[in-house]
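Shared between the two complexes below is subunit A, which has subunit B as its partner in the first and subunit C in the second.
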Partner chain A sequence: MMGIPELFFYFFTIMVIGIGLFVAFSKNLLRSAFALFFVLFGIAGFYVLLGGDFLAVVQIMVYAGGVNVLLIFGTMLTSDISSPKTSNLSFQGALTFIAGLTFLILLVVIINTTHWPMHVPGEMAPTTKDIGRLLLKEYVLPFEVISFLLLAAIISSLVLVKKGD
Partner chain B sequence: MDATLISLGLNPMPAKIISMVIICLIVLIAFVTIGGVLTVVERRISGFMQARLGPNRVGPQGSLQWLADGIKLILKEDLIPDGADRTLFKIAPYFCLIGVFGTMVVFPWGSGVMVADLNVGLFYFISITALVVFGVLMAGWSSNNKWSLLGGMRAAAQIVSYEIPVGMGLLVPILFSGTLSMGGIMAVQGWAPWEWIVFQSPFTVMSFCIFFIGSLAEANRTPFDLPEAESELVSGYCTEYTGFRYAVFFLSEWANLFVLGGLTTAVFLGGGNLPDFLADYTFLSVLVYMAKVSVIIFVVIWLRWTLPRFRIDQLMNLSWKYLLPGAFVAFLGQAIYMLITQHIPAVQTTVAVLMFLVFVFILIRFFIRVRVNMREQQIPVNSPASDVPLT
Partner chain C sequence: MGLTGFLTVSAVLFTLGLVIFISRKNTIAILMGVELMLNAAALNFVAFARFTPSQASQLDGQIFAVFIILLAAAEAVVALAIALSVYKNLHQIGADKLASLKG
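Entry: the complex of A and B
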């Protein structure tokens, strides 16, 4: 008999793939942007099934709550989004095709050559302590470099939008 | 509960699922009822503050008004405007509802009374409310109406920008308690006011104020209810909604008021903690918790009927130029304070008691001032219009 985690796994898989296809093929760009939310939410579900509770909540907060809202804002401010010329179904020709194909091949190669750590999730163990320790002890330099990069990005965007002098 | 069902002859798996469904139903019904009752409470209090009666006909003191309102709204025609994006228009209210009701997974009803004490509970609490932004944006866009769209955009911008001060304000209690779980945060506090997180140091008071102001804005409460500013935007994103969908929007709004009070109480005001000799009485703990939540809700309603509305630029200024730097200062200050006093608990207790005494002093001064004002004014409070002398 199938346990509850498997049931949820298949539910999330169908949700992510099905709605992902809708995002890619919908004629209405804004509906695609809204539907993307479910895809990101489903991925948070995968994290929960793998025992990464903190990562799942970060996924909801950053991607579903932050990035996707910005995406929707951007889509709403685009002019004429409902015309077929700007919708998903307009292909940009050979260049996009080559780029997409290359990326697909790259992904397949990476998935096949990497040795993935297998983890069988048992009980949900708290991960926040380990994440905090790793970030502030072992990986403190990369962490600080990324913080610095983000700070630079914030300041440069401020400089870009500053009016006049 | 599973054990009872298993003893009735059910398999463990269905028994577990059934008990989960029952618990969810109980919490859901409690939330819906509280949301409904709060609409009446708010209208009665606003009536009192504006020297009028408010709804007082249905049931004793109008206490069943919310049922009558609900029946009326369900019986109304469900209008969808021409040119609206029908699918998005239909599902938008439920996003708002899920965003608010999703919080009840980790909502603490008292010490030890909660559906699930997630290890990342507090973080989950603030991230699941992102769904509200979606519902609001979706409603604003799909209504095919300029007011709705502007209201939706304003609401989304407001919630997204106030999420940051709220999150930073919550960092101080997290720093103090060293955990993200709601149960853990309540457990480090005691029953006495000077054991609550809010009175631990000047910086926790500061973070409490920032958190409270920010969550008022996140819940679209006056003085930050710009998305629904009637004089500018009709009703904002719910202009085109009628009937049941409108009821869903408003239910989620008032449930959000309760969630705001609950989160503030659990994180800053000691939750439902009781003195040691009463610790076994869970019911009493729920009562204490509800009493604290009611006080917070009363303050929020009081603010709504006292303060005028902000302008949109003032709103953004407040968030980015005052609350956010303030939250950073509070966080750094609390970290340094804890580093200095970590080995001298006597100092910590003294500061906490001192903070509490200052609060009590301010409260007493406030009541004296109110009494003086009531004595000095010419026209008695809540007097009929005919008694007011024309000048």
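Entry: the complex of A and C
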């Protein structure tokens, strides 16, 4: 008898891997971009199963709401999306597929033969308060560095797409 | 759905991202591959934080995942700005066509 979390785990697994395959092998770039939305959503579901409620919401807001919209926007602005002949070509597909499959088999064998130091997972608790405390205490230097990096990304993207010279 | 289950899903996602990254011609599709790989890495961090937490704090892996998401957002913004600017100048963004630097 499977519990509800197992059921959701298999549901999200099928969703993420199936739609991920569609992202990887679709001929239309715009369809790939829209399908990526559901992959990112499924990963947010995995975060919920792993007890990361704050992280799941951040994933949906930043990835599904921000990055993926930017990707769709960039797709529409740059490529000739209506014709599949030029939209989302790939080259050396068979070789890439074989290489990817070999790499995947290697990874799965390593994952299944390694002895992981498992602990029994504790109770799930809300994490937002603890993440905020950690960010402003133990991890305050990476926090400041990454806020500076975000500022640099804003300015550099504005400079890159500036009109004129 | 133990640790190995999550790690296997993450390995599949990473491989899909890698396949996209090395086989696509469109620069934006390559960016999608990078996003998938970063997501797989973040999923690994969260899974390890749940099943093998560090002594100091249960949430170290989740903090890492937050940083990965932020870095991916910044990277996507800059890469898209570069793609738009390349498209404005050269009218194409195929990774195999952008060979101006080749002597």
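Methods note: the second predicted complex is superposed on the first by the 116 of 165 C-alpha atoms of A that agree within 3 Å, B and C clash if a C-alpha of one lies under 4 Å from a C-alpha of the other, contacts with A are read in each partner's own complex, and residues count from 1 in each chain.
We adopt the following convention: a contact is a pair of C-beta atoms (placed from the backbone, for glycine too) under 8 Å apart; a residue touches a chain by one contact, two chains touch by 3 or more.
Predicted, not measured: the structure shown is a model, and the values here were computed from it.
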Partner chain in contact with A:P126 - subunit B first, subunit C second, else both or neither: first
Which of subunit B and subunit C A:G20 touches, first, second, both or neither: second
Touched partner set for A:H115, first subunit B, second subunit C, both or neither: neither
Partner chain in contact with A:A153 - subunit B first, subunit C second, else both or neither: second
Partner chain(s) touched by A:K137 [first = subunit B, second = subunit C, both, neither]: neither
Contact breadth on subunit A, by residue count: subunit C or subunit B: C
First, second, both or neither for A:V69, with subunit B first and subunit C second: first
Subunit B and subunit C contact sites that coincide on subunit A, given as residue numbers: 54, 58, 66, 73, 127
Residue numbers on subunit C that touch subunit A, as the complex places them: 1-9, 11-16, 18-20, 22-29, 31-32, 35-36, 39, 42-43, 46-47, 49-53, 56-60, 62-63, 65-67, 69-78, 80-85, 87, 93-94, 96
Residues of subunit A defined as touching subunit C within the complex: 5-6, 9-10, 13, 16-17, 20-21, 23-24, 29, 32-33, 36, 39-40, 43, 46-47, 49-52, 54-55, 58-59, 62-63, 66-67, 70-71, 73-75, 77-79, 87-93, 96-97, 99-101, 103-104, 107-108, 111-112, 116-119, 121-122, 127, 130-131, 134-135, 138-139, 142, 146, 149-150, 152-154, 156-158, 160-161
Residues of subunit B defined as touching subunit A within the complex: 13, 85, 87-88, 118-120, 123-124, 126-128, 130, 133-134, 137-138, 141, 149, 153, 156, 160, 163, 180
Subunit A - residues contacting subunit B, complex: 4, 28, 30-31, 34, 37, 53-54, 57-58, 60-61, 64-66, 69, 72-73, 76, 124, 126-128
